[in-house]
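Below: a set of structures, written as structure tokens.
Each of the two complexes below includes chain A, the first together with chain B, the second together with chain C.
Moving on, here comes the complex of A and B:
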């Protein structure tokens, strides 16, 4: 065996993960607050978890550090992935259990995760992702592994272990409001994307078929996307307020300067670009050689539509819808500023009250929602894409 | 004649915009005709020109930093020394790009507090993602045969990067910087809520006080700024790469 020297097999991401994980031992795990606005007192990991937990974390850090010098074979990869998962689980469970202990008997007390915790989470992400990426496994296995941390958190939440966390407490004090705002958020972005799809696809087709329409259509939908969302919402208010004043019919329909109507119009306008662009692209793709191939096979017009055009166009258009939906979920958060409701309400309430935990409680579902929608649409698109057209993974 | 027309229209628009921003008399006249009533037309706390310059400063600093750091990171992970980090950086930046920019801005408050500086950090963190993504995909798409040819010509690693790879990837990188700039102008508008100043300040104040003239003032100015800047960058892009932008 040739001696290649220490460090020849060094996996830098794992080493980075190990270095980040040591921060967990040196920085406070969480801050204890007597009430909602109190300044937090930092609590370190040894104080929170005791000797055993500290020992476990230190062991994991050491193991990760040593393994970063090992050759990246499959067994080592899975060892690193398990270390990352264990690190995450230990941190979250310790946070929950010692948090519950710290606030026991105090009605308004709560805890907020601090640097030590967040850097630890980042470390476990780096450890898992760095090795998972090169592991020779299927898409399905990879998705399942990625879902494990979310499952851990969900189970702990359901079991009430994380009840002492400030964002969770903010949630409990407005549980029913949360459900209705989540519904409003889904409704606003859903309706906007639906409306944009129904108008965007015909617009894309029009732009492709008529050269006269191509430039103005794209100039308009591109131009709208550059306008800041808050500005577009603002620009909707004055004309709608005017229309609602002048035409009582509209007012009786609930159309006013603020609220749902301007939000929906602006959100729909924003959602147009990706749909129009992809509808246009799908036609351009179909127009190519596939049509000739279909004709050559003697397909009838209906068969062409059924077996060639629709299977090619649908995934391309859906990719546009995917981009639109993710954008719409984010823009809907801003719509709360013009009184349209949605999860943004909590974010801006929290910012207004100087209550960071309320902000976090509003932001996390928005982020999870957009990532979840993005990932699931990616899966749908992958399933629908004809085998011959599968190229780059999305 | 057509050339003159293409030149005159932007000049007229910019002139009109400048008068609207700098002359409070004219602005009041315009707003009064649009929103008749007994409301205040001129935001009294800060001048519009100052808000505009705050906005430009927010965007310029954060986008400038994002462009510099983003390109550097993209170059780092495509070199032999940073290869290990390539997948992880790409994963993080493509997943994080699905986060709403407002979410990142809002999370900056619990993490670093209210005001101008924290907002710059938040804008920077979010807008670096499209730059990293495009730098990586731009550099990855350079044909290995071209790099091989450069090496064959006796170029050193640094020369290959500067004279071959970056120029070939420049188009894609530039598109990423443009995206990050447009996102930043938009997110900076919402930055008013976290005390960043900028044009969102008038909009938010108008929404709170139910004053449509304020809302319009901020919204129109922000929209014009975004539109104008995107137009200018599009022109530069066309000039540099002699192709139609989309």
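Moving on, here comes the complex of A and C:
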């Protein structure tokens, strides 16, 4: 009999989550500000939530710590997931309620979440994901569990519980601007991905079909990817400004050194690599024997495309489009620097004004947008993938 | 059915097929065999126009294949390749039904045909219809490949090393299944392999190729008996006499066997040896005439009795089936240390016997040194 000893079943991820969660007890939960530019006064958890909430969170931390030594069976897994969820919900609700109390009656007062809150959120993420990723559940259950924290935040936002938060206040003062910049962001990344798909798919096919083209095509798209995005946006300014000056036609089309045109070109160039690579791969995975068999059975070129190549290739090409869309949504934030607009506008405004809350207000929708688009395209791809080709979940 | 007339195929700077002329009769299995690079696969692909000849022509049913549209032509010719090439994104049923779909059969007819074919190749339709190629074993995938080629009931079947990627044990099973299938379907089959045993097992005619030329075109037994030249002699190997036995069926070479009942055997046990002349093995059967044992003749001339004591036998271990090859019969004879083995049917009844002396005789006639 082997003595398994203490720690034989140690789940390092859970332990990490528990250790991170202790930070919520040791560091300030939020900072109270009398107005937008005032220095914040740190507020600790016991002060914000009182004895009961502090006790609950301490209990959750302790439970997570103890459970990290338990064998990772299903019941333990769900216990950890629940602990993570409870931790998150308690933190957000406490933040909102005590924040509202703190700013009550003061017109410009607001609160900013601090280390204690953010690390606590990270800890709950670690606890939930660490157990969920190995749980034997379907895609649907997994997606629903992942959605719960977002739902909690949405409900609290709608109920006005989080109104005292500085980013939310920043939002209220810019509501209409926010909507138009969100539109611009979607338009810029959407058009860039569309353009990249329309050029990238043929390029990938060309690279696969013509040996001569393979190296130059990949050298080019890989090369673009190595240029820092800021530099690429900058590089667009000079040549486009020159062209715009020399050719009035272009100017009348709105093409200038700054604004949409250079942003779209740069974003499109960035979006190319995943599309080209996956278009190339999609053909490379179709084995020669399959083509040979189809041809030998009397398929015409069009039938080969319809029955064999498209069903196998399309999901793989779409996976490339998915990666490049997520990338483009991130890159579009930088495009605000050259006057193209988008949610990056708030980020750079915030940076310029030394207002981190404004930065957060710009960043959070970008992150949510990326996650949303990524998951939706994942579902589309899963639906389009023929059952025989379905492997590991994406 | 298929005729090659002075067909030449150049590949790059090389001649893959060098003025080949031969013909393949309807409903026969013609095996193209030779070392790799001998032009056998090229020859095969000239039939369904996967390749076009540089000169000469290939005739199908008297018409040059070049006179058909390639796609039209191929839909009428079943095609099975070594790597199977099942469509990974289609279920077994969709794979099998693809050619009927190309030639626009209606769905219900297609589904009926698919199930019929799965039955034919020994895969239960209910269980396999919805499976995907990634869920099949190598042998199952290969069977599905054959079913797919047969789907639109083409008169001609081209098979390019179809069992090459399967392990030896499964390969033999697949070969035997295919042989049985072919007895039922009577297709004109052109079969490429580099495995001589496979060729002997399946072929009505063998075409031995080397460097794009045909060295010998004959029945397998004939090729083994008298190789056309030194290369063929080496190719078929020093054990060609043994291999040749695989060309003959037990049923065609069995002799009448003497069977007696258990009661009679008691009397025969006392039979005197006499002058030590020839005594046949007496196969002892029960009331249902199934084999249960034997009396083996005494080989010692000085022994007073003609037969040794009764020996019980397990029919499955000693007997051979009429469809087995003489090679298998010889193996039994050597294994049992007998002069003959009984030929039995499914019920264990003795149909006859195969004698070592007959095999030896057969071997001496026909084989050239």
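List of remarks:
Just so it is clear, the second predicted complex is superposed on the first by the 370 of 394 C-alpha atoms of A that agree within 3 Å, B and C clash if a C-alpha of one lies under 4 Å from a C-alpha of the other, contacts with A are read in each partner's own complex, and residues count from 1 in each chain.
Heads up, the rule we're going with is that contacts are C-beta pairs under 8 Å (C-beta built on N, C-alpha and C of every residue); 3 or more make two chains touch, one makes a residue touch a chain.
From a predicted model like this one, the values you see are computed outputs, not experimental measurements.
By the touch criterion stated above, A:366 is placed in contact with chain B alone, chain C being left untouched. In the superposition on chain A, A:295 makes contact with chain C only, not with chain B.
By the document's definition of touching, of the two partners only chain B reaches A:218; chain C does not. By the touch criterion stated above, A:351 is placed in contact with chain B alone, chain C being left untouched. Taking chain A as the reference chain, the count of touched residues is higher for B when chain B and chain C are set side by side. Of all residues in chain A, those touching chain B in their complex are 11-13, 16, 126, 129-130, 133-134, 218, 222-223, 225-235, 237-238, 241, 257-258, 277, 326, 329-331, 333-334, 337-338, 344, 347-348, 350-351, 356-357, 359-360, 362-363, 366-367, 370-371, 374.
Interface of chain B with chain A (complex): residues 34-35, 82, 84-85, 87-88, 91-92, 95, 98-103, 106-107, 109-110, 182, 185-190, 193-194, 199-200, 203-204, 206-207, 212, 215-216, 218-220, 222-223, 226-227, 230, 246.
Contacts from chain C toward chain A in the complex involve residues 48, 50, 70-76, 79, 81-91, 98-99, 101-102, 132-134, 145, 148-149, 158. By the touch criterion stated above, chain A contacts chain C in their complex at residues 287, 289-300, 303, 307-308, 311-312, 386-389.
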